[in-house]
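Just below sit the structures, each encoded as C-alpha cells.
One chain, chain A, appears in both complexes that follow, with chain B as partner in the first and chain C in the second.
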Partner chain A sequence: MTHRRWFTPWLLAGPAILWLAVFNLWPAVNTVILSFTNAKPIGGGRFTGLENYGRLLDDAQLADALLNSIVFMLVCLPLLTVLPLLLALLVQRRIPGITFFRTAFYTPVIASAVVVALIWGWVLDDRGLVNGLLGQSGLSRSPVPFLTDRWLLLFSAIALTVWKGLGYYMVIYLSALANVPRELHEAAAVDGAGPLSRFRHVTLPGVRPTMVLISALISVSSLRVFSELYVLSNGLGGPGGRDMSVVMLIQMYSRGFNGHLGYASALSLLLFVVTLGPMLFLLRLNRKAA
Partner chain B sequence: MRRIWAALTTTALTAAALTGCGLGAGDSKNSDSVASAAATGEVKGKVSIQTWALKPKFTDYMQGVIDGFKKKYPGVEVDWLDQPGEGYSDKVLSQAASGTLPDVVNLPPDFAFPLAKKDVLLDVAKADPKLADEYVAGGVEAYRYNGYQGTFGYPWYLNTDVDYWNSDLLGKDGLDPKKPPTSLDELIAQARVMKEKSGGQDYLMSRKPGLGDLYDIGVKIMADDGKSFTFNTPEAAALLDRYRDAFKEGLMPNGVLTDTYAGNSKLFSAGTVAWTTGGGNYITSLATDNPTLAPKVVASPAMGTPPLYVQGLSIPKSTKNPAAAVALARWVTSPENQAAFAHLTSVFPSTKASANDPFFSRSDGTNAGNAKVIAFDSLAKAKLIQPVEVDDAMGTVVKQQFALAISGRSSSKQALDTAVAQCDKLLKG
Partner chain C sequence: MTTAREPGTTAGTERARTKPVRTKPARTKPARGFNTPSPARTAARYLLLVLVLLLVTGPFLWQLSTSLKGATEDVYSRTPSFLPDHPTIGNYGQVADAIPVWTYALNSVIVAAVCITGNVVGCTLAGFALARLRFRGAKLVLGLFLATLVLPGEVTIVSQYVLVRGLGLADNLLGVSLPGAIAMLNVLLMRTAFAAVPAELDQAALVDGAGVWQRLWHIGLPNVRGMLSVIVIFTFIGAWDDFLWPLIVLNDPQKYTLTVGLQYLDGTFSANPRLIAAGTMIAFLPIVVVFALCQRFFFKGVEEGAVKG
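And now, the complex of A and B:
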C-alpha cells in the first residue's frame, strides 16, 4: 500500500517554485517597485510616486522609440510569418541535396546577432559591398547612407532581422508541415484541387496554430529589438537618437554608476504593456478562427 | 477593476515602505576614524588591490611592485586582482553595490566620482596630508569634486592626446606633412585640398566635435555649482555650423554621424584617413595593427587644449585594513615605481619628483619617441576637459544631438538646447 504525505508534491515542485520566485517573480516585482522610485545602482533611492510615469509622457525620444519598435513589428510580422512558410514548402521536398539548402538557410540562426550585425555594418557602410556595387553599376553617385539615415537604418535592421530569422521559423514550419496528414492532400488532389487550392484549404489550416505561435513570437521579439539596431548604429541610435528602440532606451538609462533605475523600470513596464497588445490580439484572432 | 486598484495600491505602498526605509543605503563609516586608523595603524595583515587590464602585458612589473611592498613590510599579504578591460565599470559597480570592493582600487576620476558622491571612498588627503606636495596638481585636482570635501584617490599614471598624421597620404594629396594643421580653419582648408586631389577617396577629417571642442573655444560646459549644463551658447552653435558645412561639402565620411565601425582611429589605421588623435604610445600599438603604416606616422601637439587623462588608486571607506591600504596605494604610486612603469610604456608619472627624468623629455629619434616627448611636453598645459558629472547617458545624448546638427537635420542651436535640456534632466534625475 502506498502512503502519500501532503507535502510530497510541494517537495517535488519546491526547487522549480524557488527558481521561479527568485529569478522570475522577484525581479518582476522589483521592477514594479523600482518604477516608483528614483533608485540608483549605489545607495538605493526614495519613493517618488508616479513621477517616472509622468516623465514617460514628456520624453520625445520615447515617442520615436515606440514608433520604431511598432514599425519594426509591423514589417517583420508579415515577412517572418509568410516567407519561412514558403521556404519550408520549398525545402520540405525529399530531393537529393536538399539537406544542403536546409542547412544553408539555417546557418544565420546559429550565428550571434552581434556578429551578424557587425558583418552587415561592414556590408552597408559607405565603403562597403552594397555601396561599392551601387557605385560601380552607376545606380548611385554618392554612398547611400544606410547606417546614418533615420529610416534607412531602421529598414537595414529589419532586413537583417528577417534574413537572420528565416531559417529559425522555417524549421518550426517544417515540423508543422510534417504533421499535416498526407491523406488530406491526396484526397483533395483526387477531388481536383490544384496546388494553390491545396495550399489554401489543406496546408494553411494545418499550420494555423503554428502560424499564430510564430506571429506571437515575432511580435514580442520585434518590440524588444535591441542588438541589430544597437550594433548597426554603434549604440547611438542614429543622429539625434531617432533610431533607438525602447530596449535601447532602457539600456541607455540604466547603465553606469549613475543609472536611472527608476525611470528604466517604468520604461520596462511600458514595454511589457505594449507587448501584451499584439499578443492579446493574436489570441483573439486565433479563437475566432477556431 | 477593484482588484486591479487594490494590486496597484499595494505595490505603491510596498515601494514607498521599502525605499523610505533606505533600502540599499550606502556605508556610513566615519571618514575621520578610517583616515586616522590609516595614518597611525601598523602596516600588516591582508590587503587587496584591483588593477585594470594590466595582465598579461605588465604582470611581471606589477608582481615586482607587490614583492617590493612585501619586502618593505614583512608579514603583509597582498591579494592582487586584475580585471579585464571590457566591462570594468560594471564590475566596479557590482562590487560597490555589494560592498565587496578591494582595499585599493584602480579608478579613473569619473568612476571615483559617483562612489565619492555616495560616501563610499576614503578622503585620502586626510590619511596622507603630504599628498598635495608630492603629486602634480592636475592629478590631485582630478580627484577633488565640486561640492564634495576631500581627495578621493592617489593619482597614478597620466596621459594626454597627440595629433597623428599619415605622412604618405598627406604627401600624395599635395599637403606638407611637416606643416600639419594647427587650427580648425587650417584643418578644413587642408581637408578640402585632400578631397579635391583624391577625388573624394581620402579624408583628413573623420570625427565629429565633442564637448572638448567646445571647451577649446572657451564655451563653459557646466555652471560653477555643477548643477546645470551651459554649453548651448551661440559660439558652440557657430562651431557646430562649421562642422555641418564641412560635412555637407563631403569633407567627412557619413560614418562620423554614428561613429560606426570604421571610426576615426580605425579608418586611420586602415590608411583611408590622414588624421587621428591618440595617447603618447599610439604609434607602438599601431605597429601591431598596421606595421607598414606605423613608420610613416608623424606626431604633432594636439590642436587646442590637450586633454588630461588620469588613472588613480582609491580606497573604500569600508576597508578592514586602512593602514596597509594607504601604504600600498602610496607604494604603487611612488616616484620609483611609477617611473619604472612609465619606462615600460608611454604613460607619465603623476609624482612631482619624476618631472625631471630625462627619459620623458628626450626622444630616441623614432617617430614613437618623438610622440612620447610631445605628449610629455603637452602634459604641462593639459586640462581635465570633460566634467566628471557627464555620465554614459549624457555622453550618448551629446553625441546624438551633435550628430543631428552636423547632418543638417536640426539647427545647431536646437540640437544644443535639446542636449542641454536632456543632460540637465539626467543630472537631476
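And now, the complex of A and C:
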C-alpha cells in the first residue's frame, strides 16, 4: 500500500479534479447545449434546434474568416517550418555571446501579442517607420495602406505572427538538433561531405519528425489567431469586417447588445471540429515519443 | 490560454529514429578540422547574427525610442531617427493621466499571483497523487486530464464566460484568474516530473514509515523544483500576456488588466503615438526582466534536448 487512507489521493488531486470538472468538462458540455439555444448576453436561452447551425452555413463573415485562416496557414506553414530551422543552425554553435543572441531572438515570443501588435501597428502606420523609409527612398509616393487594405492587413498580421513565432520554433529545433548524434556529422565529414551535403543527408533527416510536429502546431495556431488581427484592426476586423478570424467572431458574439451566446457556441464547436484533426495528430506524435 | 506554450509540444521525438551509426571509435577529443571553423566563417556567422538581431529587436527599439521622444519632436518619420533629440520620460507620466496604467499593472500582477499560487499548489498535489499513489480511478482521471488537451481554450471560452457570470464573478479580477488557476497541462507536467523521481527513494521512505505528506515534502518536492520553476515562469508570462479572456470578462475600465487597457488606450487616444509607445513599454519591460532573470533555467534544458516548448 502506498497510503493508509483510501481518500488521501482524492484529497490531493481534489482541487485539480474540481477545476477539471468545473472549468473544463462542464464548459465543454455546456458549449454543445448553448449552441442549440438563442442565449444572449442578456436574456434569451430558449431552445432553437439547429437554427444556429443553419446560420453558420450562410454567414458571409464566417466564410471570410475561414478563408483568412487558410491563407494564414498556407503562408505560415512554409515560413515557420524553414526559417526557424535556419535560425537554430545559426545559434547552435556555442560561440561567445550566443546566449545573448538566443535570448534576444526569443524575446518576441514572451511579449504579449497585444504589445507586439501595437508596436507593429505603429511601425506599419500610414505615417510610421516603414512608410517613412519607403517614401524617403522614393520607392512609393503615397503611403502603403498596410492596415487599411483588406489583404494587406491580413498579410501584416501574418508577418507579425511569423516574426513573433520565429524564436519559439527555433528553440524546438535547437532541442532537436542537440539530439542529432555528433558522430553522424563527423563520419559524413570524414567521407568528404561538404556543409550543404551534410545538411541534406544528416541534419534534415534528423529533424524531420520535429518538422512534422511543428507543422501540426502551426496548423492549430493558424486557426486560433485572435489578438494580432484584433489589435491591428482596432477590434473592427478591417474594411467591412472582412479581416476577422473565427475567434474574433466568437469574441464579437459573446459580448454587447448584438451578442448571441448561442451562435458564438456554434462557432466554437466549428472551431473545435477544424482544429481536431491537427490536435489528434499532435497527441499521437506525443504518445509515440513517450 | 498561454501564448508561449502549446499543449503537446515535445521536442526530441527524433531520438528514436536516427540510427546511432558509429564508423569510428569514440574519441575524447574532437578532430580539429571538423570542429573549428575558419575565422572568416565565424565572422560571417556573427554578421548574420547581428542582422537577425536588428530585425528582431528593431521594432522594440523603435517603440522605446518613440516613447522617449518629446512633444515637440516629430515622431512621424519623413526622416526616421532612432535616437530621440530631446529624450524625456514625461510620456510615461502622461500615460498615467490618460488611463490608470499603474492600476492596470497592479491588476495584471493580482491575476498573475492568483494563477501562480493556484498552479503551484494545485498541480503539485495532483501531480504527486497521480504519479506516486496507486488508487482506483487514477487511470480514468488521468485520461480526462489528457483529453482536455485537444480542446483549445478558445473553444470553451463562451461557456466559461457564462459560468463565471453565473458565479457572480463577471467584471471581476477573480473571474479573470480563476479558470486558469489550475491548468490541466501543468497537472500533467507535474505528474511527469514526479514520475521521474527514482522509486527506490519512495520505497526507502516507506520502510522508514514515512507518510504521504512526508514523502511529498521531503522526497518529491526537492526533485521537481526545475519543473516547478518552469511552470511558475510560464504561468506568469501567460497570465500577464493574456488578452482574449480578460477582454471578454471585464467591463469596467477601472478593472482592466494591462493588455486590455492598452488596447483601450489605442482606441481612445490614438492621436499620440508617444503615449501608446510608453504604455506598451510598461507592459513589455517587466516580462523582459523576468525572462532575463530566469533564462538560465530555460536554455539549460534546451541543449539537453529536454525542453517542453
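To be clear about the criterion, the second predicted complex is superposed on the first by the 251 of 290 C-alpha atoms of A that agree within 3 Å, B and C clash if a C-alpha of one lies under 4 Å from a C-alpha of the other, contacts with A are read in each partner's own complex, and residues count from 1 in each chain.
Keep in mind that, in the parts below, a contact is a pair of C-beta atoms (placed from the backbone, for glycine too) under 8 Å apart; a residue touches a chain by one contact, two chains touch by 3 or more.
Remember, it's a predicted structure, so these values are computed and weren't measured experimentally.
Enquirer: Should the pairing of chain B and chain C on chain A count as a clash or a fit in the superposition?
Expert: After superposition on chain A, which the two structures share, chain B runs into chain C.
Enquirer: Pick one for A:Leu118: touches chain B only (first), chain C only (second), both, or neither.
Expert: Both partners, chain B and chain C.
Enquirer: Is A:Ser137 in contact with chain B, with chain C, with both, or with neither (first, second, both, neither)?
Expert: A:Ser137: touches no partner chain.
Enquirer: Could you figure out whether chain B or chain C reaches more residues of chain A?
Expert: Looking at chain A, the partner in contact with more of its residues is C.
Enquirer: In the overlay, answer first, second, both or neither for which of chain B and chain C A:Arg255 touches.
Expert: After superposition on chain A, A:Arg255 lies in contact with both partners, chain B and chain C.
Enquirer: Would you check which partner chain A:Ile42 touches, where first means chain B only, second means chain C only, and both and neither mean what they say?
Expert: Once the two structures are laid over each other on A, A:Ile42 reaches chain B alone.
Enquirer: Tell me which partner A:Val220 touches in the superposition: chain B (first), chain C (second), both or neither.
Expert: second
Enquirer: For A:Asn234, decide between first (touching chain B), second (touching chain C), both and neither.
Expert: In the superposition, A:Asn234 contacts both chain B and chain C.
Enquirer: Shared contact residues on chain A for chain B and chain C?
Expert: Shared contact residues on chain A: 34, 39, 118, 121-122, 125, 127, 234-235, 253, 255.
Enquirer: Can you name the residues of chain A that touch chain C in the complex?
Expert: 2-4, 6, 8-10, 12-17, 19-20, 22-28, 30-31, 34, 39, 87, 90-91, 93, 95, 99, 101-116, 118-123, 125, 127-129, 132-133, 135-136, 163, 166-168, 171-172, 174-176, 178-187, 189-190, 205-210, 213, 217, 220-221, 223-224, 226-227, 230-231, 234-235, 247, 250-251, 253-255, 261, 264-265, 268-269, 271-272, 275-276, 279-280, 282-283, 285-286, 288-290
Enquirer: Using the touch definition up top, name the residues of chain C that touch chain A in the complex.
Expert: 3-4, 6-18, 20-24, 26, 30-31, 33-34, 42, 45-46, 48-49, 52-53, 55-57, 59-60, 62-63, 66, 76-80, 121-123, 125-126, 128-130, 132-135, 138, 141, 144-146, 148-152, 154-163, 178-179, 181-182, 184, 187, 202, 206, 211-212, 216, 237, 240-244, 247-248, 258-259, 262-263, 266-267, 270, 273, 276-277, 279-280, 283-284, 287-288, 291-292, 295, 299, 301-307, 309
Enquirer: Flag every residue of chain A that touches chain B in the complex, lowest number first.
Expert: 29, 32-47, 49, 118, 121-122, 125-127, 142-143, 145, 147-148, 150, 233-242, 252-253, 255-258, 260, 263
Enquirer: Could you list, by residue number, the parts of chain B that touch chain A in their complex?
Expert: Contact set of chain B toward chain A: 11-12, 14-16, 18-20, 22-26, 89-90, 92-93, 96-97, 111, 113-115, 118, 120, 250, 253-255, 257-263, 272, 391-393, 396-397, 399-401, 403-404, 406-407, 409-410, 415, 426, 429.
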